[in-house]
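Next come two complexes, and both contain chain A; in the first it sits with chain B, in the second with chain C.
Showing the complex of A and B:
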C-alpha cells in the first residue's frame, strides 16, 4: 500500500470537499434562486357565505400560491391556522409581505343566475403599509384560474421588476382524443384544451410573436401542409407553399415570416414564406437533409439541423441563408434547437449513450452541458423569460410533456392524458 | 494386353451390376392377395344393367381458367397486392436513405406489376424508426420516399404516376421498442391509389 503523509491526506480531503462543494454549487445555482428571496404570507381568502372553499382553492388559491412559490422571488411563509395575520404574527414568521385577498360576488349580467367573482388584492409589507397599489379583479368562474395567474404575475413583476410568465401558454400536440391534434395549456399544465379538429395528424405548433396565432403542420389527403390558426381556434388558413413536407414551421419574432422545411424531389431545405403565402425564399441549397429551423430572438439568425457532415448536427446561419457555421460537435444526432430569449444559448436534443437528452450550448462562449434525465428527453422550448424549459420525455413509458428550470431542477409533469409532445411556449411576457 | 483384359473384366462386371438387380426384380414373387372374405348374408338379386346411351352431339365442356378480378375497394386491393407481393415495401438501414439490394428487388417487382396495371397510381410513404428525432425524421422520410420514386422512374414507371409523403416516425408499423420493430418501421410503404 502506498504511504500517504498526514499533510497530504489533509490536502486530499480538502481538495475532495472543495470539488464536492463545487459540484453542489453547479447543480443548485440558478439566477432566480440566487436572488434575495422574500418571505410572503398568503392567508386563504375571505369568502362570502355560499362560496365553496374547495372550489376556490382548486380554481384560484392553489394555482396562485404555486405560481408565487415557483417565482424564485418569494418563498411562502406558512401561517398557523385560524390566527389573524397581524404585524406581530408576520414578524414571528419572518414574513416581509402579506398578500391579502378578499372575495365577493356580483351578478354576471345577461339576466342569468351566473355570478362574477370580485377579488380584492392587497399586498402589504411587514409594517402593514401597502407595498403595491391595490387592485380589484373581476372574472367568471371559467377565468378564475387565469385571475390567479394574473395576480401572481402582477405581484412578482412589481416586486421583482421583471416580467412574469404565469399567464403564458404552452401549445402542444396530443393524441388523447384519438387523433393527433393541437392543444393549449397554462404554464402549470392547467386548463388543457383542444384547438384543432382535423381528425388526422396535426403536429408541431409554433406561436406567432404576438401570441395571437399558431402555425402547424397537418396531414391530409396524403400530403403534409402548413396551417395558421387563431389562438382560440378560429380563422384557420392553409399556407400553400407548392413544396412537399411543410414541417417544422416557425413564426419569425419580427414581421410576418414563417421559416419551415420544404422539399423538392426529396431534398429537404430551409425555406421562408410570408404568412399570406407570398415571397417564398429558399435559404439552404445543400443536397444534404436540412430540417428544424428556429429564429434567433432578434430575427437576424436562424439555427437549423443539417446532415451535411454525415450525421444530424446543429448549424447557425444569417437569416438570409449566408454565413453558415456548425454549432454542435458532440454526439451522432442533434436536432430540435431552440434559442433562449437571451440570444446566446441554444437548447437542443442530443443523443447521449443511445438516448436523447436536452443539451444547453452557449453559441458565444461554446460552453455546453447536458441536463440529464430518465428516458429520452426531446424538443425543448424555453419560457419567454428564459428561466424554464418545457420538453417531452418518454420516461413514464409514454410521451408526456414536462417542465423544469433551465438548470434542470424543479421537474414537473404537465400532461398525463394520452400521449403529448412538441411543446411550444408562448412568446410574450408581461 | 493386360490392360485390355482388365478393361474387359471391368466392363463385364459393370454389366452384371446393372443386369442382376433387374433379374432379381423379375424373380420377386407376386404379393400374396388377401383372401376374399366369405359373405354370409343373402345377396340381393342383381339389377339388370341399363345400357348408357350418349347423345350423338355430346361435347366435353372445356376446362376453364378465369383470372380473378382485382378487388375494386382500394383498401382491399392494397391488402391483396401487398399479400401477394404485387407491390412490395422497401426497407432501410438506420439514418439511411440509400436503397439496399433487397429494397431494389422489392421496387423492381413492384415496378413490373405497376407497368402491367397502368390503371393505378402509387403513393410512397417514407417512414422512420423512433430512435431519431421527430423533426429530422420527417425530412429523412421525405428523402426515402423520393429515393424510391426516382428508382421506379429509372425502371420505366412514369414519375407523374407517383406521389410521395413523409410520415417520419409518426406512424410506426410496429409499436415495439427493439431492433425487430425498428427494422420494420424504417421503410417506404407503397400504396396503390386511384388515378
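Showing the complex of A and C:
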C-alpha cells in the first residue's frame, strides 16, 4: 500500500466524512419532503369582548401554531386576513383541515376577580366534516401556554398516530441569576423557570424515566455532591455515596439506579448507586480517567468517555461493567455521549478541525456523521421521540442552548439570558 | 552553651593557679586535692571537646541525609514522570490497538461479504451451466430425457441478505429491547455462519439477552456455550464474569464464589478479574 502522509490522510478522512455528512443530510431532507404533509388552516380564535388579542396570541396562538408547523405532520396553510374560512376558501388554499378555536371565560372560583379561559377545539376536514371529536379545555392564564402545547399534541397524535413532544420539558444549567442553578423550559424555550436555590454551582441535570424527579451535581466547599429533587424543585435529598467525586449523575431508564462519576484516590471511574443511596458498585477499574456515563434506552448498557487509549473516546459496556468496547474512532476528542431513544444512535461532542461539533454514530452499523454548525457545539440531548437534539453552542459569543432536528435542520435558539448549558430533555412522550 | 562552660572552667583553673602561687601556707594534701581537681577538670574539658566533635558529626550526618533525601526525592519524581510516560505510551498503544482492531473488523466484514457474494455467484453459475451427462462420453443422450430447463427459470437464491446485515438486524433488536427477536436473530446467524468472525459475539449477545430478561439459568448455559465453543474469543472473560453475576442473582452463593474465583484464576490481569475480586469482597470472600 502506498504511504500517505498523516496530514494528508487526516484531510482525506475529513473530506470523506464531510461528504458523508452532506449526503446524510441531503437524504434526510428528501425523505421528509416525500413524507405526506397535510395542509391545515388555523384562523385566529374568536374572542369574547374584553380579551386582549395580543396576549392570547403570545400565550396561546403563537406556541400552538409553532408546534403544529414543526410537527412534521402538518404544514400551515396561510389564510387571507378577515375572510371566513369557507369550504371554497379551504379548497383554494389546498387546506385538508381546518382547526376552529373559540375562547370564552368563566370566573376562576375562589371569589376573586380571576378568570379561567375555556377553549373549544374543533378539527374539521375540507368538506366541513368533523375529523376529531370536539374538546373543551379549561385553564387559568398561567396554564394557557401549556394548554396550547396539549392541544397541539392531541391533534398531531390523533392524525399521525404517533405521540408528540410538545408538552416535554428541557432541564438545563444557567447563571442568569448570578449563580449556576438548574432551570426548566418548555420544548420551544417558553416558560423558563429556576428550580434550585443552592446559591453555588449546580449543574448537569438528568431526568428520571417518569419525568417526576431530577438528579444533578452541586458543588459546595469545593466538594461535589449529588442531589435528587422533584420536577417542581421540592423534596430535595442528598445521595451520600461516600466517594470523593459525585458528578455527571444519570438516572437509569429502568429501575432505580443512578450512574455517576465517582473517585477513590483521585482516579475518576464510573459507579452505579441506587436512588436510596444503597448498593454502590464500581463499574470501571482502569487507571485512566472515566467520565460522562449514559444509559442505553433498554437500561442494559452504559456508554462513557475514557482516556484509556490516550485521548478521550466513547466506549460502551454492559450494565455490569463487562464487555467494554470502543465506539468512536474518528476524531481525537470525543465526549458527552447521549443515546437516542431508538437505542441505535449515539450523539456526542467530537472535535473537528479544532472546534467541537455534534457527531451522530450508529452503534449497530458503525456509520458516523457530523452535524456541523458555527462555533463550538457540545452536550447534545435527544428529544424523547428521537427527532430533535438540544445542545449548547457558543456561536453567539456566549453559551446558549439551541434545538435542531436530528438531521441538523430547523435550528432554533432556546435561551438568551445569561449563559446556559447542559440541556437534558425529559424522557416521556405523551 | 558549650563555650560558656569552657570559659568558666578556664577561669576556675586560672584562679586555682594564682592561689597556688600567692599562698605560702599551703599543704601538700591541698596541692594534691587541687591537682586531682585540675585532672578532673581536664577530663571534663576533654569530654566536652569530644561531645562537641560528635555534634559536628551529627550535623554532617544530617546534612548527608538531607542531601540523600533530596536525591531520592528527585529520583522518585523522575520515576513518577517515567511511570506517567509509560502509562501514556501504554494508553497510546491501547489506542493504536483499538484503531487497528477496528480496521481489521472492517476488513473481515468486507472479506466475509465478498466471500458470501462469490459463493452466491458460483451457485448461480453452477445452476446456469448444464450438468455433464452421467453416462460415458460419446453415449447418446437417452431419448425422451428432459431438456435442460430454460435459463429464465434459473434464479439467484432469494436469500441475498449479507451476514453483516443479518447480524446488525439482531443487534438492533437487542438495542431496542426486543430480546426474543434478538435471540432468534443471533441463533439464525450462528446457524448460517458458524465460522464467521462475529459468531462468538452473537453467542455472547444471546447470553446477554437472556441475562437482560432475568432468565439467569438459561444465561448461565449460554455463557458456558460461549466459553466452550469459542475459547479464543475476547468475550470469554466477560462471559465467565456474567455467569458469576447470574449465580449471585439467583442466590446460589457457593456457585457464584467458585465461578468468580475461576475468573480471577483464569484471567488474573483482566478488568473482569478486578470486578470479580470486588464481587467476592461483597460476598464476604477475600481473594488474591
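The rule we apply is simple: the second predicted complex is superposed on the first by the 398 of 430 C-alpha atoms of A that agree within 3 Å, B and C clash if a C-alpha of one lies under 4 Å from a C-alpha of the other, contacts with A are read in each partner's own complex, and residues count from 1 in each chain.
Quick note on the criterion: a residue touches a chain if its C-beta (ideal position, glycine included) is under 8 Å from a C-beta of that chain, and two chains touch if they have at least 3 such contacts.
This structure is a prediction, so every number in the text was calculated from the model and none was measured.
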item	value
Contacts of A:372 with chain B and chain C, given as first, second, both or neither	neither
Partner chain in contact with A:333 - chain B first, chain C second, else both or neither	first
Partner chain in contact with A:421 - chain B first, chain C second, else both or neither	first
Touching partner for A:311 - first (chain B), second (chain C), both, neither	both
Partner chain(s) touched by A:83 [first = chain B, second = chain C, both, neither]	neither
Touched partner set for A:292, first chain B, second chain C, both or neither	first
Chain B versus chain C as contact partner of A:343, first or second or both or neither	second
First, second, both or neither for A:300, with chain B first and chain C second	second
Shared chain A surface residues [contacts with chain B and with chain C]	307, 311
Interfacial residue positions of chain A with respect to chain B in the complex	180, 201, 203-204, 219, 222-224, 244-245, 247-248, 261, 263, 265-268, 289-292, 305, 307, 311-312, 333, 335-336, 349, 356, 378-379, 421-422
In the complex with chain A, residue positions of chain C that touch it	87-88, 91-92, 94-95, 98-99, 102, 106, 168, 171-172, 174-177, 204, 208, 212, 235, 237-238, 241-242, 245, 271-272, 274-275, 278
Residues of chain A touching chain C in the complex	281-282, 284-288, 296-298, 300, 307-311, 313, 318, 320-324, 326, 329, 342-344, 363-366
Of all residues in chain B, those that touch chain A in their complex	95, 97, 123, 125, 132-136, 138-140, 142-143, 145-147, 149-150, 163-168, 170-171, 191, 193
